[in-house]
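Structure incoming, see below.
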Amino acid sequence: MLEKRNYTAAELLTILSARQLSDGQVVFAGVGIPLLAATLAQRLRCPGLTILFEGGVIGAFIEPGKLPPSTNDQRCTKRANMVLGSAEVLLLLQRGYVDVGFMSGAQVDQYGNLNSSFIGDPLRPKTRLPGTGGGNDIASLAQMIVAMKHEKRRFVEQVDFITSPGYLHGRDTRRKSGLLAGGTFRVVTDLAVFGFEDEKRRMQVISLNPGVTRERLQDNTGFALDFAPHLGVTEPPTDQELELVRELDPDRLYTA
Amino acid sequence: MLEKRNYTAAELLTILSARQLSDGQVVFAGVGIPLLAATLAQRLRCPGLTILFEGGVIGAFIEPGKLPPSTNDQRCTKRANMVLGSAEVLLLLQRGYVDVGFMSGAQVDQYGNLNSSFIGDPLRPKTRLPGTGGGNDIASLAQMIVAMKHEKRRFVEQVDFITSPGYLHGRDTRRKSGLLAGGTFRVVTDLAVFGFEDEKRRMQVISLNPGVTRERLQDNTGFALDFAPHLGVTEPPTDQELELVRELDPDRLYTA
Amino acid sequence: MVETEGKSIDTHGYLELRQELLRRDRSLRDKVVSLEEATSFVRDGDLVGIGGSTMSRTPMGMIWALIRAGRKRLSCSRSIMSSDGDLLLAGGICDRVVTSWFSQGILWGVSKVMRHYVETGNVRYDEWSHMAMGMRFRAGAMGVPFMPIRSMLGSDVQKQRPEAIEIDCPFTGEKLLLVPALNPDVALIHVQRCDAYGNAQIDGLQFMDIDLAMAANKVILTTERIVSNDQIRRAPDQTKIPFFAVDAVVELPFGCAPHECYGVYEPMLRHMEYYVALVNGDPVKGMQQYMDRFVHGPKSWSEFLALLGIEELLEAARAGESIYDA
Amino acid sequence: MVETEGKSIDTHGYLELRQELLRRDRSLRDKVVSLEEATSFVRDGDLVGIGGSTMSRTPMGMIWALIRAGRKRLSCSRSIMSSDGDLLLAGGICDRVVTSWFSQGILWGVSKVMRHYVETGNVRYDEWSHMAMGMRFRAGAMGVPFMPIRSMLGSDVQKQRPEAIEIDCPFTGEKLLLVPALNPDVALIHVQRCDAYGNAQIDGLQFMDIDLAMAANKVILTTERIVSNDQIRRAPDQTKIPFFAVDAVVELPFGCAPHECYGVYEPMLRHMEYYVALVNGDPVKGMQQYMDRFVHGPKSWSEFLALLGIEELLEAARAGESIYDA
């Protein structure tokens, strides 16, 4: 798609997301690309990485080709280190045990806030989305990596509704609201990788994915982009990364 | 001792305490006379009585001759209905699941307050006692039955330290302090059975044990006694009660 | 109840809460009833807590029976809602959901049935964070009016929930959110096994069911199997819900179908796919068709299971038991 | 730390608490050390949380090792203290206990050793109700600064503890007591089995050990047996403490002796009776005699066990295992 080798946007997202993780981290992962990315990192570079599921699982190990359909069913517990209550696993976030939360979102804005609740009037919304789930808790209490497809209608200046807080309205507004830890750390898309600038806490392009220009990125984004002073180019997926993603998800359940 | 048949003060206490319980109740019992009394009631009249232990046991069943040395060791769990954390079993009191708490105490006063903490200066007490354990929680959150030996130095006008609250300073002081439920319901001794008068919430003799006179009871009590208008005489232990107590505690571990 | 504009926020005063408990018969007694009899423990307008999560250990049989019994105006709370929620809404028995997430399962995206009812204003969706739901049940279970949490702060989820109160911590000065206790009038929970008294053992994922059971003012258990009290007492540290918190016990094999019951059966995915295609195609007519055939059609739960097909049941059971393959 | 007159009340600010956690290596790694090496995880002046209750699952081996290592000025918190507390005081390593009850066990009445140290003003006894201790650990485990409770109110136990704050509930107007989180610097916990990473499974009575483990800034596990990670993963719903909360693992058979370890051995009552007679006869000299012979005398934990006598160990083990006789 972007390179001569064929890979899907979802495969790219998975691989770029996996690269954001470090060995020894404890990662709260949702089903789909987050789970796949965490497993990829675990197998490739981070044998001491621990994956948590919202349903109540610590130290999940995914078998290639047996990806679970949600984080709440029994498949997620197979050969895990610990199964516990779902309030208990969420409280690990609050206690500070979790380094990184890994999420997708319907809408993201310049301060890394996510909307997965609704668009329109809360009592009679135009579009009612599923809701926060653990998203608000993860985003409030851990460093968050957001992985999502890059579309203009999804990259907006301000989300219609802050379901999962990034830096709220920038600067110290997150901290002032009582959220003392965490914050959106990275946004990974099929077009670029973003970080957040230290002072204003506004989204900033760190690196452009292979073949993507500044102009194309801006055209697909609903707010004016900042670019990091030392803007990089994302390393394309390696053969090893692509092979492993395909081994883990041979049926393209998550990576179609 | 009090009657022609021989029974110990502890046996009498056990039997009189057991009579305060009704079928279907959930009873929080400490080791010793409380446990024995609850088991006696369960076997004699109250098959649907449930016994809880502070260590984390619901629905304990004591086998004759195998009384546990404390409520925290494994013997207490044998053939119980449920074993759970000790905070969890105490929280049942707070949630309201427990009808009756059953305790002994070192000192009791006219308002049914108990002291099991210390006598003297808190930072350098004359006598340091073991402390509240779950006593304060039980007394704060459930109807309490106190079973203790009747001695003048232990039946005082005001306890040196309120470890487990009865009616505090009488009238509505308990409720005003934030304790909305529970209260000392009965005090059972080897000399008499006491209740609490509705208005002043002061201790009141309900019935004198067989052979005990008003004068003897007053002589052994550190405050001026009130007698209920219809003062009764305690029914002496029946053969059935005595036999069962002795079957449950053949070695007189609790009833010496 | 403490009232806010028009609608209760479900927080009880302590004496009222204890009064409810005092009224319950907490003695060790047989509580076994039929599925139909169990519906009488739920009254119109009740706040109902639903156990399990997403497609796991959902008390589907009990929900199915409540729809057939024609209950009205239930407020249903569950940490994560799935097609159980679709049935509650389309079955006409529920006009408010209290949850953190409502979809048909991650495989199929957002529920069009839920969207239909919420977007037309016929059903109110009270959104809390997943942890907040857990802490509301926990406060209820502990007999206190609130739990402090550190999430929801600053977000619009907080702004939508004035029932939660923000404070400055008297110990640290930090901002905290106090979420109010949730004590459902009745909880519906499905377990792998319990005895006739209601001592329940849950294998695998527990979700928030223990707190939910202790928080509720009544608990209806459905169970794959009623076992002897002796069996329970041989492993008392596996008991997760004590009998005195339980008011009715219904033996209901495959009681979560077409959802999963840990270690017993996995979700019946063929049926779920048929269902999703039908109802998302037309959330009103499709759902009516489904209800006619699968909810109102069968004479009994066994007849419903027969409609799912023995093959799908066996396949789900084989997959369910495989969790114990070493 | 938030300070009151002279002495910390053990409540940490949130950022400090998280900072402590960030410093810990939470990766899946081998943490097995010797009993002697494990003592280095406890520093002089630490706030130490002790698992188990009364004479059950007490980490006696670890306490024994800390006395031999000569730690100083520890503040020790345990919901219910027993002869473990005697050793801490007489061993000279502890100058404050935070507990609800301190005795030698119900059979022997109040501890004369405890009385000696507290009544001479050498040791401070901070008394909380049993539930308050549990809720302090729970708040610590949950990462919040307090838990609301409905006990201790009105009593002199409350008056002695200005660290707890009484409030009027913003939801119900009721009086509540907020007890501050207790996050020990280090927790000592003994379990039946864990793997080399620290995934721990606890059988039978759990007491407050799970909250204690999650509340503490470091956890030292002693275990009857180190098992393979595969064994743990075959029954993940039996894991009670996750490996990333654990910092050191010591394999220590009979690690609770002379106390009990559920399902493995009951208390060694002959030794306990010998002990109580000796130390209550003269809480200073008797205790010194006991320490010389049983704590400082043996070269190793095995030598200590040999002093207890193989016969008593076998008898205790026979009784311990009998809990599983149907």
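Which chain is which? They are A, B, C and D, in the order written, and residues in each are numbered from 1.
In this text, a contact is a pair of C-beta atoms (placed from the backbone, for glycine too) under 8 Å apart; a residue touches a chain by one contact, two chains touch by 3 or more.
Not measured: the values here are computed from a predicted model.
Remark: among chain pairs B-D and A-D, B-D carries the greater number of C-beta contacts.
Centre-to-centre separation between chain A and chain B, using Cα means, comes to 58 Å. Centroids of chain C and chain D (each the mean of its C-alpha atoms) stand 37 Å apart. Our note on geometry: chain B versus chain D, Cα centroid distance of 29 Å, whole angstroms. Distance between chain centres (mean CA atoms), chain A to chain D: 40 Å. Contacts with at least two other chains are made by residues 57, 77, 83-84, 91, 94, 180 of chain B. Each of residues 14, 143-144, 149-150, 174, 176, 204-205, 234, 237 in chain C touches at least two other chains. Taken as a contact graph, the chains fit none of the simple arrangements: neither line, ring, star nor complete graph.
Listed by chain label, the pairs that touch are A-C, A-D, B-C, B-D, C-D.
Chain contact summary for the complex, chain C toward chain D: residues 2, 11, 13-14, 143-150, 165, 167, 169-172, 174, 176, 178, 180, 203-205, 234, 237, 326.
Here chain C touches chain A in the complex through residues 53-56, 79-80, 99-103, 105-107, 110-111, 114-115, 118-121, 124-125, 127-132, 134-135, 137-138, 149-157, 160, 166, 174-177, 204-208, 210-211, 260, 262-263, 266-267, 269, 320, 323, going by the rule given at the top. Looking at the complex, you find that chain C touches chain B at residues 14-15, 17-18, 21-22, 25-29, 141-144, 197, 199, 214, 229, 232-234, 236-237, 239, 242-245. Across the interface of their complex, chain D is touched by residues 23-26, 47-50, 57-59, 77, 79-84, 91, 94-97, 99, 180-181 of chain A. The touching residues of chain B, when paired with chain D in their complex, are 31-32, 54-57, 69-70, 72-75, 77-78, 83-87, 90-91, 93-94, 117, 122-137, 140-141, 161-165, 168, 173-174, 177-180.
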